[in-house]
Amino acid sequence: MVYAHSFWPLAAVMLPLLATVPIMLSGRSPNLRESWTLLAGGGMFAIVASMLPAVLAGGGFVLTLAEVVPGVPIQLRVDALGMFFALVASFLWIFTSVYSIGYMRALEEHDQTRYFASFAVAIAATIGVAFSANLLTLYLFYEILSLSTYPLVTHEQNAEARASGRKYLTYILGTSIGLVLPAMLIVYHLTGTLDFTHGGILAGKASPGTLSLLLLLFVLGFAKAGVMPFHGWLPAAMVAPTPVSSFLHGVAVVKVGVFSILRVVFDIFGPDLLRSLDLGVALTYFVSITILFASLVALTQDNLKRRLAYSTIGQLSYMILGAGMVSAAGMTGGVLHIAMHAFGKITLFFCAGAIYVASHKKYISEMDGLGRQMPITYVAFFLGSLSIIGMPPLGGFLSKWNLLVGAVQSQQMVLVAVLLGSSLLNAAYFFPIVYRGFFAPAPAGGAASGIREAPLFCLLPLSVTALCSLLLFFYPSVFLQLVQRALFP
Amino acid sequence: MQGIIAEIVAKYNYWIYVVLMMIGFYAMIGKRNLVKKLIGLNIFQTAIILFYVSTGVKRGGGIPIVDKHAALTHGIDPATVVNPLPHVLMLTAIVVGVSVTGVALAVLLRVYREYGTLEEDEILEKIGK
Amino acid sequence: MTTSNLHLYILAAPLLGAFAVNLLGRLSRRWVAPLTLGVLGYATIAALVVLARVLRDGTISYTIGNWRPPFGIELVIDPLGALMLLLISAVALTATFSSLTSIERELPGREHLFFTMYLLLIAGLTGLALTGDAFNLYVLLEITSITTYGLIAMGRGRAPLASFNYIIMGSIGACFYLLGVGYLYLLTGSLNMADIANILHGLQETAALATAFAFIMVGLWVKMAFFPLHSWLPNAYSLAPSGASVMIAPLMTKVTVFLMIRVMFSIFSPEYEFIQHAGVQSLIVWVAALAIVCASALALAQRDLKRMLTYIIVAEVGYMVGGVWLANSQGMTGAILHIVNDALMTLCLFLAAAAIAYRTGSLGFDSLQGLYRRMPITMAAFTIGAFSMIGVPPTAGFFSKWYLILGGIEANQWGYVAALLFSSLVNAVLFFRIIEIAYFRTGEVGHGHDHGHAAVRVEEAPLMMLAPLVLAALALIAVGFGSGPLVSGVIRLAVPGGF
């Protein structure tokens, strides 16, 4: 792997970070402020995309910022896995920004400057995680992400939002400081380095018991991945404005958690080590519980966003399941699902937000017949849910198919059952929403009649992301190539 | 029993310092009046000063002030003179002790002006209100 | 031996400055600020030069008045001492900008008296970093303590009482130290640190030596507020005038920790402390862990910002004592790095508290509501200080925790590691409580009341108080990023040999 020294990784991270200053300064002129956000988003995606050809060709970029601890510098590195995640995140941020603008203006929300500034820092931290070259840098950006999303979760500032914010921090900071930090230090103590190396760095360094404990600490410690029992912050964080939920808790924050776990599994432990210790299998069984349980709870939720939250918890564990299978198809499916789920879930959240903006409805039971009045939204919702369930011709089919093949290949019939069962459950909690939206009679009361489609600012992003989910089925090559390069260089 | 008494008698001065220190310590902790605490502190410091000074004592030694001319021509036999270094150190320590006492008394003046009393429990009552 | 007198001038400057401030300050109030700042600025620059010299040439030793050691008093400046010199001068200079402004309001007409004691305190601290003589250390320790007693007593309300309590406890500590040095003198006949170390090297292990060590240690622990000998600190530091606490809180306890390191490694030796008495070493690490946990728990119960910060100081002392007593180089590096980092963090937080007290007059949690609108820069700097206390990279606090936890893992002291993690989490709770109140709790219920927003003007603290605060916050990030060079360039040299 030849990594060229370059400033582009730093530029990608710093651009939104620096944009925070003009955003905060233009608080008085909303249009100017919004344009900074959009400029930063577009610029960052451009930078990330510009590095794509080199990565696809087998190379990458690296930049060392400071050697803060002997053997562990703060270092950015663009390799295939990082590029994959960064591409998804930076692309979707542009649409989230557009959606945010529409949403916040339609509801005349307060403190928009703080909102957009925190958003910018959060996306910078997300890209920072994607481009981290070692565990310390990843931890650094992980913490910055936690802290910058706190104001977003607590945005409403009422008692419920403050309580959710506290819960959010308790889960996220508590696990990262209490579990990840000691685990990271133990790894450093054992190996003297924290660099992400293909094949892992821990082989032969400690007893199986210690290694199992370390893996457990990491999986539970990166609580942003929503592995039970540290999943409680996700439903609580739904009090945040929907753009926050859609992007951060449907795409960035939770994907950062999963990405961190995958990095640790692939580049600190290494598939071979997991296979030899049977830890991969243990991991898959452990997260299967989350998958099934989350899907079951999702069935019981009437609040649309909470149902989506539990769906997310389940889907995240799919990705970890794939990694734990340590078979080629399984790992491919797991990593690919990061992208597919991101596009699908963000569509669903955008729709939920659009429904709220247009009709102020939050509960599924109130949404009968709404599909006839908001057809575009509901069609997009339908496409997004198909992708999540894993039906062709949506992108989600590719990742779920790979997961199934991987499970069959590793002869884990239990996992096959889990995958099929949870897909059925996914259908069970998504289809009724669409069905009732289109076919059920509207609830009594005249309030339903005045509802029209959501404003264009909201409608456009959700349509685009729904279309992308469709397109990804037919043109997955960029993502597939990146995943292949990442797993099998 | 004989041995222990012999020990105590032989080192009687050290035992006195220990007793003095304990008295001072008790006064600092156990007494309720702030001035008595301060006096306890002084007793404690005095005990340590005495301890130091006693380390320099020699049997039959005299005061370490000698005639300069005699010292320069004949030299000094250390056995005839008490070790002056601890004395000097303790002069410093006494100065430190006096400074602390001075500051403490000034502080107590302020306390008295504020609360009208120097009894700790009365002051705590006034604060508690 | 060296012929340059520069390091003595670092001590002499604040000393003479104190007298100048007192005399000239009586003539006109306007002399106080330029004199104080000038003297401290000179000291900082000189400290920087001395540090560069020491790093280049090695340890400097200097005899005062040309009386040669072991009979004369010797100043020894090794890399650790030079680092402390720079830390003391820089922190004092930064804090002075804030002090000058707040003392104007808190003690009108008596600034010259305040700053006399202030400068004497700094002179004492500087001397402590320089001295190579055990008894000289006692004298300087008492100089710093006496001036601190006086500075604290200048506060309002209960401050004199808190100061008196501190006098009693602090003097007990100093007397214990003196007693310990007396024992050492009895055993070795010398007071010069290097000389004592040499003589002890060849000496048999005796109960007297153990007693000497125990007395000196306990004495220093009282002075640095090592739990459970900490009871004087919360009252004393929280009731002191703002202008005093911004300088005392970051420095006093850290310099005392430095003294403990000095005693442990320049007078006694690692073999004596760690190998011959391994049980004691483990015990002290456990006590340190207990100190961290209890102090953090006590901090949770506080309703006033400054008192909460003082309990956090007690916990941080536990970090450092535990780190030193871990008996490995990672722990030692962590402890020394934490001296630097904690001084900066405490400086930042106390400066923020002083700014808030200046503008709003109260530091109770309830009066902090919605503070970020009125004082955004102050709260931003406070937030950075808070992140450093919690241990969020890339602020400085994370890196000293890194080394301390690593040292704990290496030494198999899992209780200490758990205590450190617990304390980080408790700090997160403590500070996010305040951040939540200041940022997200507005006086009204719900949001969107525009008149509330328009009516709140930005009323930041004056520039003289804001500038050092921003500087301290930026320093936290800079020192964090620069941890690598700091550790490898300076601290590794400062870790006493034998590890």
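Note that the chains take the letters A, B and C in the order they are written out, and that residue 1 is the start of every chain.
One rule holds in what follows: a contact is a pair of C-beta atoms (placed from the backbone, for glycine too) under 8 Å apart; a residue touches a chain by one contact, two chains touch by 3 or more.
Fair warning: this is a prediction, and the values are worked out from it, not measured in the lab.
Participant: Taking the mean of all protein CA atoms as the centre, name the chain whose own CA mean is closest to it.
Facilitator: It is chain C that sits nearest the middle.
Participant: Averaging each chain's C-alpha atoms to get its centre, pick out the one most distant from chain C.
Facilitator: Here the answer is chain A, farthest from chain C.
Participant: For chain B versus chain C, what separation do you get between their C-alpha means, in angstrom?
Facilitator: 30
Participant: Hey, how far is the Cα centre of chain A from the one of chain B, in Å?
Facilitator: Those two chain centres are 71 Å apart.
Participant: For chain A and chain C, what's the span in angstrom between their mean Cα positions?
Facilitator: A distance of 43 Å separates the two centres.
Participant: Touching chain C in the complex: which residues of chain A?
Facilitator: So the residues of chain A touching chain C come out as 65-70, 73-74, 108, 110-111, 136, 139-140, 143-144, 147, 150-151, 154, 156-158, 161-162, 165-166, 169, 173-174, 177-178, 181-182, 185-186, 188-189.
Participant: Can you check the complex and tell me which residues of chain C touch chain B?
Facilitator: Listed in rising order, the residues of chain C that touch chain B are 135, 138-139, 142, 145-146, 149-150, 153, 157-158, 160-161, 163-164, 167-168, 171-172, 174-175, 178-179, 182, 185-186, 191.
Participant: Chain A touches which residues of chain C in the complex?
Facilitator: Its residues touching chain A are 387, 390-394, 399, 402, 405-406, 409-410, 417, 421, 424-425, 428, 432, 436, 439-442, 445-448, 453, 480-485, 487-488.
Participant: Can you list the chain B residues touching chain C in their complex?
Facilitator: 25, 28, 34, 37-38, 41, 44-45, 48, 51-52, 55, 86, 89, 92-93, 96, 99-100, 103-104, 106-108, 110-111, 114-115, 123, 127
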